[in-house]
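Here chain A shows up in two complexes: once beside chain B, once beside chain C.
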Partner chain A sequence: MDQNGVPSKKKVNKKSVLIDDRVAEEITRVEELSYEIKIGEVTTHNLISVSPHETMIQVVELFRHKRISGAPVIDDDHLVGIISMEDLIRCLLKSDTNSEVKKYMTSPPTVVKASDPVVEALKVFVNTHFGRLPVLDDEGNLYGILTKGDITMGLLRALQRDYQIEELRRYRASHLFEDIESDRSSLILRYQIKPHDFTNGGAASSNIKRALIRLGAAPMIARRVGIAVYEAEMNLIIHTTNGGVIRVEIEPHRISIDATDDGPGIEDVQQAMKPGYSTATEEIRELGFGAGMGLVNISRCVDNMILESTPGKGSRMRMKIYLNEDSVGEASQSK
Partner chain B sequence: MTLDEIIKELDLTILTSGEELRQITPTHGYVSDLLSCVMTGAGKGSIWVTLQSHVNIVAVAALLELTAIIITEGATPDEATITKANHEGVLILATPKRSFEIVGRLWEFGLRAAN
Partner chain C sequence: MKVAELISIVNGKLLSNGASELDREIKGAFCADLMSDVLASIQPEAVLLTGLCNPQVIRTAQVADVAAVVLVRGKLPPSDTITLANQEKIPLISSPFGMYELSGRLFVASLPSLEGRIIDGQCEC
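The block that comes next holds the complex of A and B.
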């Protein structure tokens, strides 16, 4: 923890040495949640309070009967202190159980606000030795009592909610095709690719890959589509005059990818398909592109590839990946 | 051998955030400066040694789910590359040493090419 009591990244990660990165991600999520969730959301409401004029022996009875270890002290509807098991022990050691609560209570109590994020309460817990904190609403009235256990439970509930939402999303996405009845259902994703936009190079392919994973595609299929789309995307960025469009059609039995542009077109498609052949400029090659392997990579990743081009008019590349095992043949290429 | 141990042994500079990324153990290694070759040759979980330092190396590493990029011979990536890498959760390391030496050491550590 740092001096403000905020769990610092370093400390959390140090603890997670034996944990894999997925779990480490969740630890960060807990930190995030402690800023998102309000104290009021995790606070216990059903309040058992005592009056400052009750005797300590009455408090002992109350704690035993209600199985609690602390309570707010209320006088005239106002919070005046907090009495805990530790205070009781101090009193018992002095055999002073007939004294009034106000003699042993902690007053004024350290309070937190219901509208503040949970992290504020965590800071107080870290910097003090209090086991519970009275929570006040915006008007300054007692709202409830917060313990460290309440925070843990609250965070766990929030994580569970997160998890369920993601599960539901995945479930809905992966059952998309079963849930929608039609003679032929397909999902079409379109991406506009700008010429020479190297900064966003790979954005379309990573978005498509993520969509496929969410739809329940096998990781190997998602990887093949990702590589094919990446190469098509980079071709549009590197070689076209006005950019182009990538269109991905997802059907239960196959994925069809179309990359189209309006120029400049390819002079010799046969030659373009040869490994190592490239028309990339020196500048592009310096960036690591233009190995002459792009189209070769695509044909390796897809089951079917057709490249058509008219110089001066543009190019169209159609790729297909079959999802039904029987229809998956050797990666083939034509024209 | 985790990336953290490799970083220590090879005295690599860490350019991106995400301490948890360094606890991962890479499964294979790959070296090339041509991105299309990386697309073909670098298996998932590989550590990639390259001279390239521009922003597209991040897209490649993220797409292939590589564990780390080691940029060699003192090449320095620009701010955009680092920002994108942090966003995508890609670990970028740097060294003034040559690719050949880095790959040689990684081989000594037991890393091999993916099939």
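The block that comes next holds the complex of A and C.
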């Protein structure tokens, strides 16, 4: 990695722990970030520059002392070029170290603008052999120097921020009930389910499961709720005329799920509850649904389930999952 | 068994872009073409072998904590399914073998069945 600044060794190691798999896992996020983040945000500011009239041997000393491999060349506050290790090597090969910097510097240098997104700098790095690019502000003054390493560090910092935000969300969500004092607190999530919308089938249950995990629910509880809601959601998609609504109420001691629709209703609820009984068409079975196990699955995943239906009017299914042992009595009582 | 190992045993092709999920551990296997059967009895962290290719396979997998999905008989799913698999970080693999041969290969490789027994009135999920 091309290191322009002089971070201590310890700092570098700490950051490399963060790099690992996360980079691989977040490739698409990194790509997004390279458009979001501005070059100026990742550029190194504390500039070490040289004058065109310094000698090359002075540059060697400077690079060695500051542990850098390149620097902008400034004359009268103006950026006139850039001098790098490569230029130094050319000079050393000719044993010409007493020459002035202006003889070996790259001039005029390729520059990028601080207000451009990072991806612009990446393009330049890909298309050239340059190890560093001078960054100019909107007035054309030298703003700083950008290396590929700066970009990597900048992106990693941004990724880390992302993770902290997600962690913070989880933390906030999981303490929701502790932080808010009331005689009884609950959180209600509502999802509108469209009829025959197989494309989005299962989206509501995915979202509910994710919300529960964020709220700090045990994975098994989230799974049970996910399965029950998934089956209820598919029932609304497969069987209803106008779709329906799924309402999930989360309380510290229980989760209540209601799935309601306005038709067509179930002729014989008792029969509908029997394993294997299905009214689904061949077309729906080909999609992998209509096995006649939906309601059975739901009743196995929840502690309490009540299905009411009036043909021509609609159905309402109420499901409850109890979250602590004290409520189990309540559950078996109603079962 | 790791996902990478599974892919080689089933001569599979990874359709999703989850290179970082190749290290994920698979505890067993389960076959079904009906999603309710999956939800009814699959245990967490199993690989699901199925002939269904629609996006609901991935939704079901997400809800039921499935570790990876293998499509049988070289089936190629619609792009919606692959997109969802990427989003939910569930490895989606296509294998040229049929369900029977696939199951046999994985069984011989000591991958146990993760099909929970269904006992009426008892929730194992």
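Assume the second predicted complex is superposed on the first by the 249 of 335 C-alpha atoms of A that agree within 3 Å, B and C clash if a C-alpha of one lies under 4 Å from a C-alpha of the other, contacts with A are read in each partner's own complex, and residues count from 1 in each chain.
Definition applied: a contact is a pair of C-beta atoms (placed from the backbone, for glycine too) under 8 Å apart; a residue touches a chain by one contact, two chains touch by 3 or more.
This structure is a prediction, so every number in the text was calculated from the model and none was measured.
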item	value
Partner chain(s) touched by A:L168 [first = chain B, second = chain C, both, neither]	neither
Contacts of A:M153 with chain B and chain C, given as first, second, both or neither	neither
Contacts of A:I188 with chain B and chain C, given as first, second, both or neither	neither
Partner chain in contact with A:R224 - chain B first, chain C second, else both or neither	second
Interface residues of chain A shared between complexes with chain B and chain C	21, 24-25, 198-199, 201-203, 205-206, 209, 223, 226-227, 230-231, 234, 287-289, 291-294, 296-297, 300
Partner chain A, residues of chain B touching it in the complex	19-21, 23-24, 33-37, 39-40, 44, 50, 52, 54-60, 62-64, 80, 88
Contacting residues of chain A [partner chain B, same complex]	9-10, 13, 16-17, 19-21, 24-25, 198-199, 201-203, 205-206, 209, 223, 226-227, 230-231, 234, 287-289, 291-294, 296-297, 300
Residues on chain C engaged by chain A in the complex (per definition of touch)	19-20, 33-37, 39-40, 44, 50, 52, 54-57, 59-60, 62-65, 80, 88, 118, 121-125
Of all residues in chain A, those that touch chain C in their complex	21, 24-25, 198-199, 201-203, 205-206, 209, 219-220, 223-224, 226-227, 230-231, 234, 287-289, 291-294, 296-297, 300-301
